[in-house]
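For clarity, chains are labelled A, B, C and D in written order, and residue numbers in each chain start from 1.
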């Protein structure tokens, strides 16, 4: 009986791919609770909301920590069901020092430390968000996420070089515009570090408008820089698109060739991205 | 004679692919009328125009509703021509509860309800725009529209993940800039929800300039965030482009060649993406 | 002798692909003159420059018109060298009514009409720019320009649909933001037509900052609209990229298959974009 | 012994692909020193930092020049190890007039000239950055950088044409908006050259907000121009993406399969872009 409960607890809290209905309910509940924690942390920085709904925020915090604590204790208790954490003490201790369990602990510990007035670790509540990574553990979105991750991994070098090129363009643009504008607008373009801000805002095409060239030279240079920027900032888009196509095509295909020696057909696999 | 008129009315109002000249004229007229309704609804929100040309707007509204009502009545009357709406009463009632007929009704009903001073449902006139969907029912653009729809459907998961990634970046950016700026500009970056607005405007590279970081930390962080944003916001572009190429190539072709040596035909498949 | 001069004049002014050195010099000179005319027209709108350098601008105008007139007269005179404009009168008249000759005439006529104080047609000088189209007649860039033109032509339907989609998004965004903001900022978001301007500036990610949502609802809606805008405005980029790849691959390739009936190889052409 | 030292000095300062540990340390140190020089040059333009930390900047400058001088002297001294600079005098002189050596000299010379108060050539310190090119001489990033360079080289014509097209759009936009706005805002849109600045800022979607159309005509034209701009500025992205895909696929592969029926090998080519 005791073992059966432990087994079911373990399965509920460590869902696998063939998850049952209850798994989904519990996991969905925990994920929604984490997302609500995210919303609460964000909203609580708004002074008006924080003072008007102080009790609500506090109660929700207590409730969340209570649920997370129960979940944590149940996980540690039921982990002995797994072969590698079999021992009632060492197994549990070893489980407690896995990354997953440490993250879960870090998510609730600040609350208790805050209660005993040791530290004000309220900001550490943001660590609860790390638990959101569990979303990826389950869903069928795993495969698509893998594709995106592969694109960034396979094209890492090209992306890095395009980062170097854009950084170079930003620095060159800053130097040019600094020399063109620093006499006309000494308070705004008074140094290259200050002009760097203008370069980033302009080349990323954000254009806040807090720093704008006013000299003719500065405007002509900005025109040329903006044109170059369009080509350079198209590089990451091009690299990522090419990477996607590569990933999508990495599907095996079967080809049939006729052997010229005996005239019989041969089936052989050819990767589509050959 | 009566039947012939009904048949022709039905055909005129339910054009098929092999549409005749009159079909085109009537359909073109109705579509232009709907577009003019759209323009009228938009322009009427401009107080100056609304008061100066009140009569014009009202007359056009009456005219449109009259045409739409006549079309609706003719459709309901002639629907019995179709086998499945054959019965003179039940067939027509069943036709009136199809989506197409309900949309047509909703487009004219607010006018009559407004006339009898029951409700002020003028805003519901926007529902007439739903009728624009009929454009897609006819034209040869259907195939191209299908390609675009397929791209969004087939790449839905990747697009959703890139949405999650950009949302994550927006939230992280808000937290970072909030901590960097909220002491220097408490009225603008006073809370994370307020900084979220800045994140969206910056990462979508809109850059209104109503909220601009002024601290050195904030500016450096913005630079890094903007660079990351370029790569992350290139994801949807890459996914959509890859999807387009997939769609365009999804046509398998069979080729048949005649062997010049023996004169017999050879069938061989050529994959569209070879 | 007379004929030889006419022949050489004709060849010099109608260069073909195998152009000689003198052709290049003359053509380069004419093209540079047209570009300088463009610069002059642009600079002359600057009042300060126009008054300070009035004589320079006028002299350059007279000089340009003189050169263009001489060229025009020589073209008309030497056109009889070509078989289809053989007749000394009708041939020349027919040549004068070809598009090329009419454009050349339109480029110089305003000057003469302005001299006799009939009309002030100075703005028509911009028509001289049409002559720049001749650049495409000569250069090896013709092939690359053709590729770009093909991309726009082949993907026309998809581009039109993405235009319809973005237009739809712009209108929907205007309606939503109008309802969210028109009470808070009645002078800026006072009507849907005025809000349309905001939509275009925001969705094209220009973001001048002259109109910025200030209500919470407006900001949240803007966030959603901006995200949707990123996906929708990625459509043209995707379509154009896919079109480019199609164009580039439209190169024939030779494949060799072994006939299964007789065992001999067959060469057959397969278009690379199969 | 003397020769052995020279040989090792030469190898350390001219690392090849199979670089040893010491090569890496020395090269890494030099590259970091160059990057720190870049940072120092940028920061020194900030007046506050320059005055407060004048000594630090000067000392770092002396230190850098000392290291670079030592490196330069060692290079010139050890170059005779190479066959083509064998002669103790002419070999060294010839080496000193290679591009690499001249750049190294230019990087340190301004300091010495500045010391003897001949010229104030402090800005020439920026030339030290040219030495950063050596990063590319070594690393495995060379291949990826080559891919990016190839993309720009192979697609040069198309990129140039898209530059011409966007320039054309910018000029047309300037003319249109100048005619629409110059009476309403004579101080801002008072001439086409001034409006050119607006066109660049708008079409590159920077949108500083220093110049904004206010007339209805100007706003409608801006809407149309912005839409056209999205399509035109998607061209470079499309061209670069297509170029990337071409580069990645430009690897022809030969496959050899053993026929299972007769045991003989069959060679067949597989085009990389199949």
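Criterion: a contact is a pair of C-beta atoms (placed from the backbone, for glycine too) under 8 Å apart; a residue touches a chain by one contact, two chains touch by 3 or more.
Just so it is clear, the structure is predicted and the values come from calculations on it, not from any experiment.
Looking for a copy of the A-D interface in B-D, A-C or C-D, one arrives at C-D, which has over half of the same contact pairs by residue number. The chain with its Cα centroid farthest from the Cα centroid of chain A is C. The pairing of chain A with chain B is characterised as different-residue: of all residue numbers used at this interface, under half are used by both copies. Between the CA-based centres of chain A and chain C the separation comes to 43 Å, rounded to the whole angstrom. A straight line joining the Cα centres of chain B and chain C is 30 Å long.
Across the assembly, chain B contributes 196, 205-209, 237, 241, 245, 271, 274 as residues in contact with two or more other chains.
Considering their complex, residues 205-209, 237, 241, 257-258, 260, 263, 265 of chain C touch chain A.
Listed in rising order, the residues of chain A touching chain B in the complex are 38, 41-43, 45-47, 126, 140-141, 143-145, 147-148, 151, 159, 163, 166, 196-197, 200-201, 204-210, 233, 236-237, 240-241, 243-245, 248-249, 253, 272. Across the complex, chain C meets chain B through its residues 157-158, 160-162, 165, 171, 174-175, 178, 190-194, 196, 202, 205-209, 212, 219, 222-223, 226-227, 229-231, 234-235, 237-239, 241-242, 245-246, 257, 259-262, 264, 266, 268, 270, 272, 274.
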